[in-house]
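Letters A, B, C, D and E mark the chains in the order given here, with residues in each chain numbered from 1 onward.
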Amino acid sequence: MIELLQFEFAKNALIAGTIISILFGFLSFFIVMKKLSFLTVGISHAAFGGVALGILLGLNPYITAIFFCLLTGYLIAIHGEKSEYDSVIGILFAFTMALGVIFLSLKKDYTFDIMSYLFGTILGITKSDLFLLIGLMIGVFIIFYLFFKEIIFITFDKNVAMASGLPVNLFENLIIVILTLVIVLSIKLIGIILVSAFLIIPAAITILFFDNYKKIIFFSMLINLVIFYSGFFLSYKLNLPSGATVVSIGALLYFASALFAGKKN
Amino acid sequence: MIELLQFEFAKNALIAGTIISILFGFLSFFIVMKKLSFLTVGISHAAFGGVALGILLGLNPYITAIFFCLLTGYLIAIHGEKSEYDSVIGILFAFTMALGVIFLSLKKDYTFDIMSYLFGTILGITKSDLFLLIGLMIGVFIIFYLFFKEIIFITFDKNVAMASGLPVNLFENLIIVILTLVIVLSIKLIGIILVSAFLIIPAAITILFFDNYKKIIFFSMLINLVIFYSGFFLSYKLNLPSGATVVSIGALLYFASALFAGKKN
Amino acid sequence: MSLPYIFIEDLEVKYGNKVVLEDIFLKVEKGEIVSIVGPNGGGKTTLLKVILGLKDYSKGTIKVLGKNPKEVDKKEIGYLPQREETAKNFPISVFETVLMGRYPKIGLFRKPGEKDKEIALESLKLVKMDHLKDENINKLSGGQRQRVFIARALAMEPKILILDEPSTGLDIVAQEDFYKILVEIRNKKEMSIIMVSHDIGVVSTFVDKIACLNKTIHYHGKSGTPIPKDVLEKVFGSNIQILVHDPHCKGCHRGEHD
Amino acid sequence: MSLPYIFIEDLEVKYGNKVVLEDIFLKVEKGEIVSIVGPNGGGKTTLLKVILGLKDYSKGTIKVLGKNPKEVDKKEIGYLPQREETAKNFPISVFETVLMGRYPKIGLFRKPGEKDKEIALESLKLVKMDHLKDENINKLSGGQRQRVFIARALAMEPKILILDEPSTGLDIVAQEDFYKILVEIRNKKEMSIIMVSHDIGVVSTFVDKIACLNKTIHYHGKSGTPIPKDVLEKVFGSNIQILVHDPHCKGCHRGEHD
Amino acid sequence: MKKLIIYPLIILFAFGGFAKTKVVTSIFPIADIVSNIVKDKADVKYVIPVNANPHTFEPTPEQAKIIAQADVFIGVSKQFDGWIEKFLKKDAKKYYLQRRPANPHIWLSFIWGNQIISNIKLIFMKLDPKNKKFYTANAIKYSRELSEIHKVYFAKFKSLKTKNVIQYHPAWEYLAKDLKLNIIGTIYTGESKRVSIAHLTSILKIGKKRGADALLCRLNTKDKVIDIYERELKLKRVELDPIGDPKSKDRNSYINLLIYNCEKIYQALNQ
């Protein structure tokens, strides 16, 4: 493992993995509690539509993808206010992908598979990516630090929060948009699978063992770190793709925990 | 449009579209009510892991994909009993894809167009596919005909259904497994985008306008047909990809309906 | 004499390591109405869940219709939970909801017949909700909704009806009606009813037996006789002096006299 | 004299085309406790929602603390809904739930201080749930849960407290305590309380005003005097003869005397 | 997923005298061309984007390490395999064979192949001027070999009566030009594209009018759209290999790969 650290990509991957484990572990509680797992997948697929739009218009596909995904996130947010997020995300998943297909078909020239540009892997993290990540983490933590109690109130009891004058819709939309931004920026860095896994698995595990949201959030960050380091190490030892190994370790840990917790009760 | 009918593929596509509109329109109510939209996306991605497994083992990837997805569906079902489906689907989404990546990395030498194994298009439907679809529809309708009232009871009031002796878990798992089978068989035929759209959009629209499940189910089938025919026709006129056009029409209809229904209240 | 419908002996129930019920002895005969009263957290709902086979017990014997709770023919049991947890915004009419009460009786593969529809409609009439039978249940008020779920439990026509705080949210007239309906039904259909209620005063005028439950059953008496004061004290704690037991207006008076 | 805390004039409210409230006139002064009684579906919850600004009205005037319901400073309003709809299985302790009642008062960007924690603990003590303050709320019984939400509403220390059937699920002792607490708090904090209840008997002994609501307000009287029989008939329908109004045991007796 | 196979080369000398220059390319054919020019003067490895699937874009740490160790990267075009750049060390040299965004399948062509050979020659002449002559000689020899084969197949194909083909994917555009084949239709005109009815039927109509003789697709393609053409136009699919496989017998070098594909097309058309 030590020898690996002579390579910058490995150092960067470890630093990025640490930041992402913490940031995503933190957000994980809200994803699981608000049943937003589908958001991770929906937004990452919406990126396809955004890339295709960029190709069609001859703009930078990465930039168009970010805006396209933010717009999708915003639509999900304002529709989800009334109905359930689940079906709105599903519809936008299909719609954005369909738009992507249509945009590409309108571009008459040869179209490249730009997707690999848009979807990253943790081994491909660069220095400047690290700065982006750190900035993202600081931004998210500041917002959650400032509004933590309001966000908890809203997540717990939307109706009463609304009656006591909290701008419930504003906060809910803010959360979705922040999550969207985090997702779309990080698929470029670590890829779809790892994004979903890091955002869902930790809270899904900790919620089985702890019955207080503060503990759940704290241990989610911790467990993400454990999953990441052990997966990364294992992927190196077994020469397997890193992201996929990390995800597999996480998923296996979840199923083991669920079995264990199921037995206990 | 008429001239189109000289081609068998167009005839097949129209017949398949009709069957799928009806079948998926019917199932749509359960997908939306049980918040299972994510299942469509989760299962279709799990197929990737199944195909990769087939390639690794040298078996028919299509067959391994079906079994792999059914296993995934079963895991979702038994885990979802206790917790929410949402996070379990998310975890299995990431896990099955990660396994796919690992399987492929273990198979060092192959040239496979893996995507072509996964995704179909409605224009590629053959006669034998039509028989498969008809068989699937008949099978699903028989099961739902036989257990319709129990399924409604369970969907409406799980606790009391359990107390009055209905095998709630059995039925819930049955529904998930049936949906899984329908999804995995049909992504190969019509592609993932169309599958999600046909399973989510119709009930998401009708639920805005009707307040009885029987009406919702009936009009969901109807609206799927409308979406399909108009999308198919338009795609022909505008020279756009058929599936994507149908999905876009459906999504736009949904957003128009949501706006209209929002104004009304 | 036939077997008791419910027979409980030396029952103990835990959540994790916390014992919430112990030394429970209870018998409910065919045709009897038994009310369980007791303080919040006393274990009333838990006891009902054990009877329904929805919660495991750690010690003792329990027989429902002669069988273990998990093996009982469940269609003979009707249940109204304390806190209804139906799917949010499920699009269904009042009448269809009540008709659902018939489903377990109808059995698999078959559709509700005319008879079932009649019974459902009758149950709706009993709770005075037949005028709203085609309304969507999500458009009802809290009390109207509760009436619909009562009607569904009645439509089940089970041998044992298990009701957890059924009169929650009912207005005074509906409460009055409800208790009358229970007695009427019991007489007509020979069912046993076991019911949790906080309405000691009202309940004691018409049920056959009252069980005071706070972790264990402190008093298991015939109705008509007032519950001994020391039992009430044991069950509800020392605050109980505020409960004035007046033979004329039994247990109804909760405030100091003015 | 200052403005009334709640002032409603000629109010009409509809769901779709269905009028559920009309000709509503109501005034709640500072420091008053007003109880709204009426049959299921009478529009009680709807009226509260209009006051809270959660439901629009189609006609009339309504002023809460001198403002339109949507413009009121909401942190001066405490609310306990009829049917609590919190996120399922949210992992939070009893104490933290009650502390949440302080959040609107604390305002954005700031954390709860010692004072807020004291108030939350005090509220928990009032409803006798302080011994369970670290328990997860999902492990509570129905009545215990209701007490926690009452405590949260109390912890808000608002100018106006709006309670929709607050005593639902409380045991008899807790109900008694609860009504006492309300009076006590009103005296101490000078808040107005508007409360829906089906407990006409108990309520009328301690509230300041009673409003009988069935689509419109039929009687809006001072407590202490019995509600006229013809009003009760209008509000609850013809079945009302079963409500015996006995000056000694006011409104409590719901069954025929035995 | 990117797959990477170490191409064994016997280490003898290196530029500048220390370790040998490490060269990495994205696909096997380019790596094979490079090693035919540099022979033992550099260590050539390649990474195959087996499956440019956005969900599964992922090398193993070992593979990332190999790219990170490379001194020189030779890519097809920025759009095609530019993703490799972010795994490269900072001072690695990057070259692309195709400058402007266009159909990237240049290695599947004799004429382009010669162009690639000369480009690579120039790259190494600049990198390692000492061995200028060595590279030039190798390139000329290799280029000649390629041209010979081109001539053979050009003649063979010239004698064919029917030369109308449909391609599944625009990978065979350049080869068709080399061999004077008529591509009368392309089913998918780019990556991630989907067919429309009008497009599908227009190819069918042309095919019916002019007659199509083969449908070119890559190995193991399972798309039912191909079945439509097989049925409607009574033609057979020809499964070609766009990237080669060093472990196979008949596609184990760049030149063999071209021969394999030409031979397959020829057999299909010569019936």
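Here is the rule we go by: contacts are C-beta pairs under 8 Å (C-beta built on N, C-alpha and C of every residue); 3 or more make two chains touch, one makes a residue touch a chain.
In this text, all values refer to a predicted model and were calculated from it rather than measured experimentally.
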Shortest contact path, chain A to chain D, counted in steps: 1
Pair sharing more residue contacts (C-beta pairs) when B-C is set against A-E: A-E
Relative to chain A, chain with the most remote C-alpha centre: C
Farthest chain relative to chain B (centres taken as mean CA coordinates): D
Approximate Å spacing (C-alpha centroids) for the pair chain B, chain E: 37
Chain C and chain E: spacing of chain centres that average the CA atoms, whole Å: 77
Centre-to-centre distance between chain D and chain C (centres being mean Cα positions), rounded to whole Å: 27
Multi-chain contact sites of chain C, meaning residues that touch two or more partners: 139
Where chain B touches two or more other chains at once, by residue number: 45, 97, 101, 105, 240-241, 243-244
Shared interface positions of chain E, touching two or more other chains: 1, 53, 55-56, 58, 60, 193-194, 196
Listing of all chain pairs that touch each other, if any do: A-B, A-D, A-E, B-C, B-E, C-D
Contact footprint of chain B on chain E as seen in their complex: 1, 3, 5, 50-51, 53, 55-56, 58, 60, 193-201, 204, 218-225, 227-228, 231-232, 241-243, 245, 247-248
Footprint of chain E on chain A - complex, ascending: 4, 7-10, 48, 52, 100-101, 104-105, 107-121, 123-124, 126, 191-193, 232, 235-236, 239-244
Chain A to chain B touching residues, read off their complex: 31-32, 35-38, 40-42, 45, 79, 82-84, 86-95, 97-99, 101-102, 105, 192-194, 196-197, 199-201, 203-204, 207, 240-241, 243-245, 247-248, 250-251, 254, 258, 262
Residue ranges of chain B in contact with chain C within the complex: 33-34, 146-147, 149-150, 152-153, 155-160, 162-166, 207, 210-213, 216
Sites on chain C touched by chain D in the complex: 15, 38-42, 44-46, 82-83, 139-144, 146-147, 165, 168-177, 179, 198, 200-202, 205-206, 236-237, 239-240, 242-243, 246, 248-249, 252-255, 257-258
